[in-house]
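The data blocks that follow each hold one structure.
Both of the next two complexes hold chain A, though its partner changes from chain B to chain C.
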Partner chain A sequence: MRILVISLLRLGDVLIASPALHGLRRKYPSAKIDLLVNQNFISLKSILPDVDELIPFDRDGLQDGLAEASCPLFESLDYLDEIINKLKSNQYDLVVNFTQNKLSGYLTSLIGAKEQIGLSLSANGQPSYSSSWFRYLNDYFAADIADRFHFTDIFYLGSGLPTGTNKFVFNESPVGKAEALNFFSSVGYASGPKVVVQALTSDIKKTLSRSKWVDALTQFQSFESDAHIFLLGAPNEAAELSLLQQELKDKGVRSDLAILSLDGALALLNVSDLLITGDTSIKHLASGTPISIFEIAIGSSDYKKTGVYKPGSLILKSNEPCSPCQHSAACHRESHLCASQIPSELIALAASKFLHHDWLALQVLAEEYSDCANLLKTEWAKFGLWMARHLTDRGTQREISDQLSRLAWKFLLEKEHLKPLAAYGSESLKLKEAFESDWHPDNQLRIKMSLEHIELTTLSSETRINKILSAISSKIKLFGSFDGVDFIDSELVKEIIKVESDLGLGKILSEKFNPKSASDFYQIRQLQNSLNDVFSHQQIKLKLIRSLRSQITENA
Partner chain B sequence: MNSLRAEYQLVDAMRRLEQAAEKLIQTRGYTNEAKKIRLLTELIKEQIKNENSMHSTRQTW
Partner chain C sequence: MLERISAKNKCAVIKWNGKYICSSVDPVKEAGDWVKKQQMRLSRQKNIIVLGAGCGYHLTALQKAFPSIKILAIDVFSELIEFCKKEHALDLSDVAFECISSIESLVANKKIYNFLKSRYAVLKFSPAVSVHAELYDKIEVMLLGRTVESAEFLGRIRPEFQPLLKSRSGMQESRYLFSIKTLDESLNKESSEDLVYKVKILKELIA
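Then we have the complex of A and B:
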């Protein structure tokens, strides 16, 4: 069997798919698995044990031909033909597209495998997904909905892989090991905790200022005087990191520059104790090592989608309402507030407590600094989803409702609710177990009341959505056609917006129609489909709530 | 985007590609050729928006 996985975005996006690659390898142990990546990631082969061949996508070659006015258009077309014909000649049985953009959609469809998972586009731009998870990624993710899943989970579950085997797996190469050994001997490391700091990211909005790093690491060193700080970076970051190193030295903080390749970075992470990082590919690489990971999520970093996946990791997130901001837009505030408002002493204290896995102290810190930042602990729940739980919000009504909501989406997307013996009981039991440590026997009454309240609000939403669906169906039956008829009157618009607001759906429903003009057949059908999805979601959530309540009552 | 000239050339290429795709669809329908031209158009859009930047802080050797 031959499988092609397409991952044509950034390095972090390739690494974040590692559990799905590992899962595919476990499901198809004798298959040849190829990975199509951008040309400059071709040497990832040494660290990806589940991939047999990395195939380069020559994006530069194609773009150079297109950008030159003197170059005939058909040269690029011919080159693209070559690339596609070469891929087609491999006669893939399965193509899995983790890129989820139009370019990859057309490419997936042109390669023409027997089976395709992920976005595939026809010539007129019609999408197909072959997976509810990838359709969800397309339809819901771009909107700012509350129920967001980690990309790792979406890639994993969307590939049809069984719950429970999603972990990051990377190979430490001999070259990388040698690089790390050379590094340690050159810096004269003897003993003490090894703390790796990835101070720079590829996006200025996600990067703390140099002065913030200097303050934070100076304070950290005062708490952890025997710790060794290694400033990790790529060769093109050496100059910037040298400046940071000099400023630390001026403050009496010793640090060493660790300018390493990806292989060398992996080897360093494998033997170190703590990584402090922004939203970087190094963070995802570290998830496949024993190192403790402390992520500082600012700017456009959306921890719900791309947070550090490894369970037991720590995420520090700004409380600024604009965070996370839009990925490619410049910061719209007068200064980089989401970064500057995080006190450097919080970074230092959190890193110190986390180095010693003192979660009680971290909880105290979280409460003390809750006005400016959140501290979250990552977990992987038995019901098959990654979670990042606020240290100050554990076991609250909001948290229970959020997790029920996500579990209900999982049910819907995996069509579990359509099975004759849908696993409401066992899945709600897993949810109960996930929260059990926070649900003391004394809290039973509070939890029951929370569940009652969640049930009431869910019922109310379900009723509202049912009314909207009935109103639209009645109009269709009455008028019989869509010409010139205003199916979505102002009352319905209000109801739809209320549903979006109550359920944190962004503009998922209201973007399907234009409130200022009559909607056409396609728009109404799109709206009905989305409403049906949301309605089913609320119904599933109700069943999970009732199942959970009965389990708590049984154990009372 | 390093220069306005480069951006102008890409925008011009995108315009030519979109016109080519439309002509192809009108004359031959929704074929693989049309898909390829649309793929190339997306490639340019990514370059213009700098959305799909290959820039990574990590070089792989």
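Then we have the complex of A and C:
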């Protein structure tokens, strides 16, 4: 069997797919698995054990051929033809598209395979997904729904892989080991924890200022005087990191520059104790090592989608309401508030406590600094989804409702609710187990009341959505066609927008209608489909709540 | 009028009508520097057309750096081609030469016609093309296919791409430059599905 996985975005996006690649390898142990990546990531082959061949997509070469007037008119067409023919000649049985943009959608269709998973586009632009998870990613993520899943989970579950093997797996190459050994022999090895700091990110909005890093690391060193600080970066980051190193030295903090390749970075992470990082590809790499990972999520970092995946990791998130912001847009505030509002002593204290896995102390910190930042702990729940749980919000009504909501989406996307013996009981038991450590026996009453309240709210939402659906259906039956009829009057528009806001649905519903042309057949159908999804979601959530309540009552 | 001279580094170079057509100091270094500048682009090429045979050093440097690339050297003067063939007989044994003295002879040349049937790059060696800049410019324009006339020329050689050359917008202007946007505008129901996909993919690359 031959499988092609398409991952044509950035380095972090390729690394985040590691569990799905590992899952595919476990499901198809004798298959040849190829990975199509941008040309500059071809060296990843040495660290991806589940991939047989990395195929380069020369995006730069194709773009040059298009943009340069000194290139022949058909050069890029011919070059693309060569790339496509090579892929077609491999006669793939399965193509899995993790990229989910138009380019990859057309490519997936053009390559042609017996089976396709993920976005594929027809010649006239019609999408198909072959997986509800990828449809959810394209339709609902784009509409900014509150119930977001980690990309790793979407890639994994969207590939039809069984729950339970979501591991990041990377190979340490001989070249990487040698690089790390060289590094340690140049800096001198001594006892004491090794702390790797990835200070720079690809986006200035996600990067703490140099002065903040200097303050935080100076304070950290005062708590952990025997720690060794390694400033990790790629060769093009050496100059910037040297400045940081010099400023730290001026404050009496010793640090070493670790300018390494990705292979070398992996080897370094494998033997170090703590990584402090922004939202970078290094944190995804670190998820495949034993190192403890502390992520500082600011700017456009959306931890729900791309947070550090490894269970037992720590995420520090800004409280600023505008975070996470758009990737492509510049910061719209007068200053980079989401970074500047995070006290450097919080970073230092959190890193110190996390180094010693003192979660109780971290909980206290989270309470003390809750007005400016959130601290979250990552976990992998038995019901098959990654979670990042607020240290101050554990076992609260909001948290329980959020997790029920996400589990309900999982049911819906995997069509579990359509099975004759749907697993409401076993899944709600897993949810109960996930929260059990936070449920003090004395809190049983509070939890029951929370579930009662969540049930009432969900019931109310279900009723409201049903009313909207009935209103639209009645009009269709009454008039029999879509011409010249205002199916979504202003009152209905208001109610839809309110439901959307109350349920954290982003713009799932409102983006599907244009009040000025409400009689458009396609729009109405799209809206009905989304409303049906949301209605089913609320119904599933209700069943899960009732199952969870009965579990608690039984054990009372 | 061809004048054979010794450069400072003792290599044989040419003065054409009193003008050097490569470095009079170190033509080998000049050639090496020229190839280095093209390195990125040439690493993904299989066929190259070089405008200006000149003294031939840039051709030998190109061949050495990319031994598997097919090179076709075009010059407007047969004497220069003869010089290159004699002076670099061993190093340029795999390089094809064509003497093109007019656009008409370019369009009628079968070797060039066949060369243009697959992917190629066009390079100019500035010192060599300076002897007849205007004609070399016209040759380059024809080979690149970005104008209406040259696109039609390439369309005759590559009939599979002819459906892409029927854009409605701006075609009447002789200075109109074809781009991927133009090709996309030409796509219609008769275009093959493969071609539609490829043009759409390329359009996404510059979106």
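Points worth noting:
In this text, the second predicted complex is superposed on the first by the 550 of 556 C-alpha atoms of A that agree within 3 Å, B and C clash if a C-alpha of one lies under 4 Å from a C-alpha of the other, contacts with A are read in each partner's own complex, and residues count from 1 in each chain.
Here, a contact is a pair of C-beta atoms (placed from the backbone, for glycine too) under 8 Å apart; a residue touches a chain by one contact, two chains touch by 3 or more.
All of these numbers come straight from a predicted model, not from anything done at the bench.
Of the two partner chains, chain C is the only one touched by A:Glu82; chain B is not. By the touch criterion defined above, A:Tyr106 reaches both chain B and chain C. One of chain B and chain C touches more residues of chain A, and that partner is B. When both complexes are overlaid on chain A, the residue A:Asp58 reaches chain C alone and has no touch with chain B. With both structures placed on the common chain, the touch criterion links A:Ser281 to chain B but leaves chain C unconnected. Of the two partner chains placed by the overlay, only chain B lies in contact with A:Phe41; chain C stays clear of it.
Touch criterion met: A:Pro72 reaches chain C, while chain B stays clear of it.
Chain A residues 59, 62-63, 66-67, 69, 73, 76-77, 80-81, 84, 101-103, 106-107, 109-110, 123 lie at the interface with chain B in one structure and with chain C in the other. By the touch criterion stated above, chain C contacts chain A in their complex at residues 41, 44, 118-122, 143-146, 150-151, 154, 158, 161, 177-180, 183, 193-194, 196-202, 204-207.
Residues of chain A that touch chain C in their complex: 58-59, 61-64, 66-67, 69-82, 84, 101-103, 106-107, 109-110, 123. By the touch criterion stated above, chain A contacts chain B in their complex at residues 8-12, 38, 40-44, 59, 62-63, 66-69, 73, 76-77, 80-81, 84, 101-103, 106-107, 109-110, 121-125, 175, 200-202, 233-237, 261-263, 265, 280-282, 328. Contact residues of chain B toward chain A in the complex are 6, 9-10, 12-13, 16-17, 20, 25, 30-32, 34-40, 42-44, 46-47, 49-61.
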